[in-house]
Amino acid sequence: MAYEFKATRRVEFSDTDMAGIMHFSNFFRFMETAEQGFCRSLGFSVVLGQRDPPLGFPRVHAACDYKKPLRFEDLVEIHLLVQEKKSKSITYGFRFRNLSASPPEEVARGLITIVCVAHQPDGTMAAAPIPAEIAGKIEVAPAELLA
Amino acid sequence: MAYEFKATRRVEFSDTDMAGIMHFSNFFRFMETAEQGFCRSLGFSVVLGQRDPPLGFPRVHAACDYKKPLRFEDLVEIHLLVQEKKSKSITYGFRFRNLSASPPEEVARGLITIVCVAHQPDGTMAAAPIPAEIAGKIEVAPAELLA
Amino acid sequence: MAYEFKATRRVEFSDTDMAGIMHFSNFFRFMETAEQGFCRSLGFSVVLGQRDPPLGFPRVHAACDYKKPLRFEDLVEIHLLVQEKKSKSITYGFRFRNLSASPPEEVARGLITIVCVAHQPDGTMAAAPIPAEIAGKIEVAPAELLA
Amino acid sequence: MAYEFKATRRVEFSDTDMAGIMHFSNFFRFMETAEQGFCRSLGFSVVLGQRDPPLGFPRVHAACDYKKPLRFEDLVEIHLLVQEKKSKSITYGFRFRNLSASPPEEVARGLITIVCVAHQPDGTMAAAPIPAEIAGKIEVAPAELLA
């Protein structure tokens, strides 16, 4: 059972905008990096296209609170914590820490809620229970970590 | 005094991901499109670098609720509504409508809170009042539109 | 028979980088905007997933020469010209004109070569002739325009 | 004196498009990742804003030949090789190798030419010699590697 994962990324030139800081939309891409790493660490992929019906995990909610900017070449730790787990959805919390700051400091907090969906033959998607072999590997993080 | 703006964009191939739908992070770029159009419609830019000190409008909060996916070539209306106005910050709400659906339907709702900051000579940023000639042009949308 | 198309886009905040100009990789996304508009103008889409086998148009070559930078809010015309047409591939040339400059000026030239491929059941792709109803609508631009 | 650098990146979900492969424009962002790593390995940054006048390295040419697609979660090696060195410009070649293929295989080759420019007080840019302490660390790769 796992409830956390830490990914590290460096802010690239193409992640910045003309204000000289990481564009706010890229924090969401960084969250996804951590989510994908979390899934890989558990032995599965966020893409489950081989199943019948194929499953997917679209996002139904995403949010971010920005406290400090990230700049070019900053090394960033994205700390994923499982915040809520339901039969058909999971909410991940994310803490962004700028490891290039001295001392390292939290710069943002994010949130993503995914739902498990089955892709129907007619192209539509229907909410579906998260497969047991996946759900069984994921648990909610201890309350003190989520504070 | 203005409280709304409608921008229209078509979902590009590069906006999609392997799930065949618009990547969730791009909804935030689309919100910014509407914000920039709103500012231009009022005669100013989201970039106020010529001032002394230079002003900027970094985001402190961004969120999105996704109801339905957007697909390649869908024509999307992004309806900006001023949701809250304070001396140093503004919160914009966004309604995404897929105009390619029949009938057109709401597919997502978003939120962005910006703060006005002055760029200090030492590279830091400090919250600052929104200039009167800007603040004076913006008002909160009627409650019935925000419901 | 068509050999050209003009698309117009405005440089968005998220298109810029910390150098204050449009990131060089985004010129390729803008080229694709014009390509998609060209296809739509002829009554088909760059995505032909409904065929059997499904066809696609991956890129085998892309290039860009940058002469002048594009900046935030610049209005850009992307002029597509069909440069070469073979049975299984098409090469598009692109001229970028900054309409916000006075007078408007060419800022970049690009090139994209696409090949028609059939998606095989085993997941691989094989080059395939461009369908006659598409090829029949496209011709190479007059030499004087390509100079 | 250095003439090469190897960077490694994993293809993210947000790097893919609806064709299920990495979007062609992202190969250019990956090239930049390797370029930035190369500069850092030599002790400087692609951003030299602290100089007087501030220097920058805009791209004047970029190109890519695509042989095979990259897919989600593929691990990619981007091998930078210095291909040409002039007083005011450098051309980098890039080889993309898919390390997740068995055996690993080359999937694309790229090229970027940068010029050194000085940012003038009036906002324009003028070509300038690459500073000696940078130029002195970079040499052209052996011919057999560039073949």
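The chains carry the letters A, B, C and D, assigned in the order they are written, with residues numbered from 1 in each.
The criterion applied here is as follows: a residue touches a chain if its C-beta (ideal position, glycine included) is under 8 Å from a C-beta of that chain, and two chains touch if they have at least 3 such contacts.
As the structure is a prediction and not an experimental result, all values here were calculated from the model.
Chain centres here are means of the Cα atoms, and by that rule the chain farthest away from chain B is D.
Matching CA atoms, the turn from chain C to chain D amounts to 180°, rounded to the nearest 5. In whole angstrom, the spacing between the mean C-alpha positions of chain A and chain B is 23.
Chain D has its Cα centroid 28 Å from the Cα centroid of chain A. In chain D, 13-14, 18-19, 21, 25, 29, 32, 47, 72 are the positions where the chain touches two or more neighbouring chains simultaneously. For chain A in complex with chain B, the touching residues are 18-19, 21, 24-26, 28-29, 32, 47, 56, 58-67, 69, 125. Residue ranges of chain C in contact with chain A, taken from their complex: 13-14, 16-21, 23, 25, 72. Contact residues of chain D toward chain A in the complex are 12-14, 29, 32-33, 36, 40, 45-47, 72-73.
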